[in-house]
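One structure coming up, written as structure tokens, with questions to follow.
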Amino acid sequence: MPDPITQIIQLVTSTYFLEIVVFPGLISIAILGAFFTWFERKLTARVQLRIGPSYSSPAGGILQGFADIIKLLFKELIIPEGADRFFFIMSPVTALIIGAALLGLIPFAPGVQIANVEVGLPAFLAIVTLSPTLVLLAGWSANSKFPFIGGLRALFQQTAYEIPLWLSALGVVMITGTLNLTGIVQFQQNNGWLILPQALGALLFIVTSTAEMERLPFDLPEAESEIMMGWQAEYPGPLFMLVQGPAFIKLYAFAALFSTLYLGGYLGPAIIPPIVWFFLKTIVIIVAVMLFRSTFPRVRLDQLLRQGWTTLLTLSIVNIVIAYFIVVGVPAI
Amino acid sequence: MTDLTFLALATVTVASAILALEARDLVYGAAALGITFLGMAGLFFLLDASYVGAFQIAVYIGAVVVLILFTVMLVGPQLGEPPLELRRLSLLTALLVALLLGTAGSLTSAAAFPGPDNCGGGCDLTRLGTTLINQYGVPLEFLSLVLAAAVIGALTLAKADRKG
Amino acid sequence: MEPLTSFFAVSVVLLGIGIYGLTTKRNALRILFSIELIYNAANLNIIAFARLRDPPIVTGQVLVLFTIALAAMEASVGLAIIMLVSRLNVDIDLRKLNRLKG
Amino acid sequence: MVSQGIPEETGYIIFLFAATLALVITLRLVISPRDPRPTPEKKAPFESGQIASGPGRTRFIIQYYPYILMFVVYDVIAMFLFAWALDLRALGASGTVPVLTFMVVALVPLAYALHLAGQRENW
């Protein structure tokens, strides 16, 4: 048998394949996505003293996300006149792949990790930098005014908040001395969670990653009250579902990265298994980010960019200085 | 033996490099250039230079391709592709490309450089920062001057009012 | 592990494509693409040769970090020039663009 | 663990790509209904109920160009800072002076860029 075919067969028949398909991989992402869509709507509704989705099942409409998926799947695919079909379809597809590749880098529990890359943290952040390109292409391809404005806004916003994000993560690298995400968790096993020495860094990280996720205080690219969902405006039902997928995966992946970097990942007392600890921490972060959405009003684009390049950049440099003194000034913390 | 991953990455890289130059629409060209860079990052990962690979993605695709796309979308409508002018230089180029491809062919058929393996476990990061700071500190300072000059120069060039 | 010659071959092919674009294209953006391709070919070559030693020497990677930085700066200044030229309502055909002075 | 030939990451990416592409093709061919003769209104771009006018890719935001240029430069700076941070324990205080000079020299143009970005009539 030729060698490549053997390799493919070996790949398909391994437990690794199961990992991709079932647990950290696709099916669990889809189920969690549908669940959190419902959860976010319910939470926002309760904050605003509304009831929220309640019809889809007895338990408070918990199946609403699945109902939405089924509804969107059976919509007609309309591609607007003059749109660039290739980029119009390929950018959400590629964005979904990129989002899933983010989750492959996260250590969910000891050994439960799809790709234990030596440079896990920069690889994660580098994959995140791919998304402005795709959003810009998606906005451009629709040949319509709102999507193009949204795509350009996404470009400016995500590039402006990229640098404070990198620099806040730099503090963690300075203290742990490794770029490997599993290595960072193991460091915290011996030295305590990094949220204590890196409190400023953690705050910066969550603010900038909210901007990267385009969620509500920073959701200018899809501001539904001014530019009609921005770059997503022209997407028909099934493709709109594909566009919403990466948005959720990014939230999930950033929350998972936050708990890996600052909250000790899967560490915790051995009463409950590590993976439950991991999900508890991740869900706390997800709920916090969802509460941002129902708490803060949207900012303006020029204020957003200016603050990103002045306040946040200054604070992240202050954070680097703090990390520097922790490592060099006080030997062996 | 030929590694499947390598073969796929090399094919994608070379094909999209050709596409980047030959695609009629410049936006497609820029996107193809991005895919070339991505394939190159994959080749870096195969060579155990994962740090360089990660920053290849971040700097080239995250920054350079975005800037290229922005410029293409800005100037593209008023651009119009000028027709190819192959007559003058085609012979020279054809010869040169043939020469290079010939070199490539003879390289692959010649006695192979041994492919070093068993580099698992992060040998790619050993003393990267130490080498950078201790041996290449002075070039680093010059590079910061280059960065400063690039920011100031590019902004001054792109600025709209040109009174001075 | 693939033998290193294959990586050299990819590098040479990319260099050839880059030189081809540099000589035959007239659009300034395409020429910029070609230059970036040549940079990448050089980077791949450096990384592959650094891998030749066992254990691999890390200097090659440091050198490639420098070339990546320089290529990014070159692209940003080049694109600023292209923007300037397009603002002056000249088409960006480099064979005609020979009076960028004053 | 998989065979030695394919690194795990590559298999992951290839698989995801195939799966998503298959999903889209399935959507297009099987599930999603088709309209054999779409009217022009159906294919028109969305402009809040108005009749779409003019080309779609015109509203270009140029006035924030300095910010994206700054991103290109500071991405490069982050690349070197990560290399330094990785070996900070080994380097100790000895690496401080080169890195500090590097950062100061590279951050000075930021002030100029912010100044230019503030003058929005320039762009």
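We just call them A, B, C and D in the order they show up, numbering each chain from 1.
Rule of thumb we're sticking to: a residue touches a chain if its C-beta (ideal position, glycine included) is under 8 Å from a C-beta of that chain, and two chains touch if they have at least 3 such contacts.
All figures in this text were calculated on a predicted structure; none of them were measured in a lab.
With centres taken as mean C-alpha coordinates, the chain found closest to the middle of all protein C-alpha atoms is D.
Here the spacing of chain C and chain D, counted between their Cα centres, is 21 Å. Averaged C-alpha coordinates give centres for chain B and chain D that are 17 Å from one another.
Chain geometry summary: the mean Cα position of chain B and that of chain C are 6 Å apart. For the pair chain A and chain D, the distance between mean C-alpha positions equals 14 Å. Residues of chain A found to touch two or more other chains are 3-4, 7, 117, 122, 129, 140, 155, 159, 162, 179. Among the residues of chain D, those touching two or more other chains are numbered 5-6, 9, 57, 60, 65, 68-73, 75-76, 78-80, 82-83, 85-88, 90, 103, 110. Counting partner chains per residue, chain B has residues 2-4, 46, 51, 55, 58-59, 62-64, 66-67, 70, 73-74, 124-125, 127-128, 132, 143, 147, 150, 154-155, 158, 160 touching two or more of them. Chains touching one another form the pairs A-B, A-D, B-C, B-D, C-D. The residues of chain B lying in touch with chain A in their complex are 1-2, 4, 7, 27-28, 31, 34, 50-51, 53-55, 57-58, 61-63, 65-66, 69-70, 73, 122, 124-125. The touching residues of chain B, counted against chain D in their complex, run 3-5, 8, 42, 45-46, 51, 55, 58-59, 62-64, 66-67, 70, 73-74, 77, 125, 127-130, 132-134, 137, 140-141, 143-145, 147-148, 150-152, 154-155, 158-161. Chain D contributes residues 65, 69, 72-73, 75-76, 79-80, 83 to its touches with chain C in the complex.
Per the touch definition, chain A reaches chain D in the complex via residues 3-4, 6-7, 10-11, 14, 16-17, 20, 26, 73-82, 89, 93, 96-97, 100-101, 104, 114-115, 117, 122, 129, 140, 142-146, 148-149, 152-153, 155-156, 159-160, 162-163, 166-167, 170, 173-174, 177-179, 228, 233-234, 237-238, 242, 301-302, 305-306, 309-310, 313, 317, 320, 324, 327-328.
On the chain D side of its complex with chain B, the touching residues are 5-7, 9-10, 14, 57, 60, 62, 65-66, 68-73, 75-80, 82-88, 90-91, 94-95, 98-99, 101-103, 105-106, 108-110, 112-113, 116, 122-123.
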